[in-house]
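Before we start, here is the structure in question, set down as structure tokens.
Chain lettering (A, B, C and D) follows the sequence in which the chains are written, and residue indices restart at 1 in each chain.
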């Protein structure tokens, strides 16, 4: 972005070249330059320790809203796509029952005598007869042992079968949307660890792809967020991008341990467990990858708080010793760590 | 792009190496170099002040066309996807009624006596009988209390049910396309403000994600467009990319104030409200993000004209003071600003 | 790509460090370095003038294959998605008729007496009766005035209705695929022109978006391909990337003239119309953009041969003078050029 | 990534600035710097020669898991999308039969007398009668010569037709997902070759697009993986990114030979066939491209082991000499190589 301020000086007609001192007195601002270099992930600096963690374990954010409009909060499609399968199927079933109930009442109001073939009997029987006729119309089964006659009943039935078609179309779209939605089923280790790494120490965590579909071009960004104090004593939140020994891999067939080596340039250099806890530290993880099956971008997020970091431990190897002739990983050992002295 | 002009000199067969002075007399052109550095967003330099704003508040462009072909103007799929829901549903209903009316006329022309089970009576009754039979065929309900007989009527019914299937397929695709279409429901503050920022002043506006689905990797580009005058007096439109204090965030869980600090390198340096208005200034905003639910790119556009910029004001905090223990935003305060003296 | 050859020297076990002179005698090759700098678009250097143009006007390539396997040549889905609408609809109708004909023969072979309600008469009548029953089963209309009885006929009907469901599902997918397929309806000017540009000359062509859906982040790459002669006299094809005055715009609401200024660094510097024709020159255009409605990448390709380039002409303005108060373009003037003397 | 450690020094409240020597004793670690430069594709360094190849010929990875949860191993949608067409269609048919069998048993349990029109006879007949009624309900054909009566049977039928609709919706989504799934049908040459290239030698392989849909912006990455020995004698796996003469092309209409020239900077410099075999070498290929029909990213992977590399050979031209007037490729000659002396 080579921005060149060349044009405005010659803009004599619009008069922009006169009265140059109206808005700003300083030619350059070192405060602005400092601010431009500051890391910010989008949370802002005002979130202090009285709040809970920034990113929940499942990757959602800890920000709520009041006075949002009903429709914006509802966000129907998003909800129908992201709700759990049992909830979704129950909702579909409930909607099916409700629509049938409404139409069966309409048929009864139009006159049960216009539903030819309906067993004549008491009101309860009639309702269920109309209900099942409605179901046969909505699903377009249409056996025909009960059939509409008369303008009104025929019109309701014609309308209901159209509604049935559209509802079917909707269900198709929702099911496809739910299935094809790109999700990275990446498992993050329960804890992060502080352990020795080469001739220094490092902050580390481990990930693995839980699914059989491959992830490729996997990229991980780790940020450290902690409370600091301004010269005037007011606390504010700072963000540091942590440099990883390796932040991108082409393939992700096995487990991957992410390593932030604690050299002098690290914001964690010389930090103790107590200091980490006091500063309300939170490690924010953002993972981007490409799902190989559908060539879709997928994302995963999580965070580790100070109390989820184990000191003086390292991750155990996941290679399954009992299996031979093939590179095999034991998923049960994914979260396992063992004690190890830190480099001094 | 290391472009090397190495080959053409040796191209003796094609004769390109002789008569080198035919097309250009100057070896290098400073005018060309200047032109290459000029910002252009795609609107060109000829749009002058007699026209309305370049980008409407809703993000559409203020350019119209004459003599475009009917089909290019129609652009059916695009229209069916982007029209409002009430309009779309009305259109589906109208199409359903029309197709049924057409087929019911065809059945009557083929002979109402070939629709077995049709109540025999006057023409009006017959039409509605054929209409409801058509509806039962189109939706593939097919009760069967009315059924086709004879070659022609059976053929029409077989054709209609095929049409019904395809129409259904179409509706499914349209509904899915409408729902899954990636839109960034980003709300832009009603006004932009000129206010103090650190030790200088800044031009600022505020955005927030209105939906519950998260946006990530949000990137904003702000350009200033204004009329200037060539040395010969003809007005032309110039575009400046405005440098933002921060133009990208990883996460977008809360509100975000975009800040263009007015230092010496800014085209707004030393500008007064009157000059801004006179130069027909318009701030053009382009936002790119990734919708986290479907990992789709989404875009949003808007613009602020000179009269939509408030001088000497700043945005009020949206943090809801009544809520505690959670980071909560009050959506009602999104557009609120308060007066504040500018830095001199 | 900082490639460091650090590891192989210490690989004593695998023995790679001994006998280093087996494969290559030269330490560095200037021929290799030259070759790496050469432009290549993927066509190779052997395509000579006896062949037709590289890229057809519609963007397809002029390369054919022999001995490709039937299935790879067929590529059913790709064909069904890209064929014209009339062809597609005719194919759907033909498939519907064929499947019904096959099943009606199966019903007759299983015994027409098992189709209850079939009008008993001659073989012709029976075939059409079975045909219409098949249509009612395939589309799942199922009036029921004709119904299957007996194991075999019932089984065929049960199988046919399942096939009907799957065919319907297929049609839905194909219709959605056809509609939602991302295509850039970009119109390229019929001719490219050589005309004056600032104080030099330039090679130019013009594009416009024909549809009402917006394209954003539009990027254009122009390459020149021409035949040259090796020192030993054999002709070979070279490719030059042409530097554009502006190769990317954020918005594309109006027409856009792409300009390659012919300065000393251009491969066209000092070129005459005759030389261009003799060298079998072809300008290859590749356009990338994002469709704003669906946030999908779209591509367009075309090419201009030497005889499609007009010398000493420029494009006429498309701004409609009859319309006022709005920026309006006259699509009829898109290809219009006017004579103009070249800069010398 | 300009990481600046500026903030932590002033964080006096959180106490991070005191006790700096707790975690790390070295200011900078050369071991860490070396490690950061090491290539890694995501396989790790511990995979030794007792295992099979890293990437199979079809692009899948040679890593297995034990103790993975049932649901993560199942991954239903991924399986249904990637299984072969015969297997998929057989599965659909089997599911159809199974569901019908289950519902026909339910109808018999509810009482066969509630299925009006069912031919009264022995149990076997009854089962098939219920089975075919179930099929007519599931597919929503609903002839009506058999129809449900009574609460329970009607309710089962209403439920079954709803299930039928959802199953249909599912099938639609699966068929669309299978068809529209982006796959690069790129054919890799059976063998890679070591042959002369300009004035040096080179490691080469050849690719071609097998389908009629075009691939554009094709990018290839080649890595060499081989076993080496640490100073202490333990074997470990190293990865080298191989520099290609050309790693990206805009268009891919014909065959493309990928060339890694063996200059002094290549890890293969001075390598013999025996050394390559001994070091358990494997060439890992990753291809990225954009499918032009749907503007989707596609990927392809494969690998060549030492015994799949031919020494002293080059690929034969694929240009079909029998065809004239058009650039034509003979697919049968794709894997053909001919002997040629290496450059010394």
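Quick notes on this structure:
Operating definition for what follows: a residue touches a chain if its C-beta (ideal position, glycine included) is under 8 Å from a C-beta of that chain, and two chains touch if they have at least 3 such contacts.
Heads up on the chains, UniProt names are A, B, C, D = Ion channel.
These figures come from a predicted structure and were not determined experimentally.
Of all residue numbers used where chain A meets chain B, under half belong to both copies. The two sides are thus made of different residues. For A-D, the equivalent interface within A-B, A-C or B-D is the one where over half of the contact pairs agree by residue number, namely A-B. Chain centres here are C-alpha means, and the one lying farthest from chain A is C. Centroids of chain A and chain C (each the mean of its C-alpha atoms) stand 35 Å apart. Look at where the CA atoms of chain B average out and do the same for chain C: the two points lie 25 Å apart. Along chain A, residues 136, 140-144, 168, 172, 176 each make contact with two or more other chains.
Of all residues in chain B, those touching chain C in their complex are 1-8, 10-16, 18-29, 31-32, 35-36, 40-44, 46-47, 50-52, 55, 60-69, 72-73, 75, 77-79, 81-82, 116, 136-137, 140-144, 147-149, 151, 154-155, 157-158, 161-162, 164-166, 168-170, 172-174, 176-177, 181-182, 221, 223, 286, 296-299. Contact residues of chain D toward chain C in the complex are 34, 37-38, 92-93, 96, 100, 119, 128, 131-132, 135-136, 139-145, 168, 171-172, 175-176, 179-180, 185, 194, 197-201, 210-214, 216, 218, 226-229, 231, 233, 235, 238, 240-241, 243, 245-246, 249-254, 256, 261-272, 274-275, 278-279, 290, 292-295, 317, 319-320, 322-332, 342-344.
The residues of chain D lying in touch with chain B in their complex are 140, 142-144, 172.
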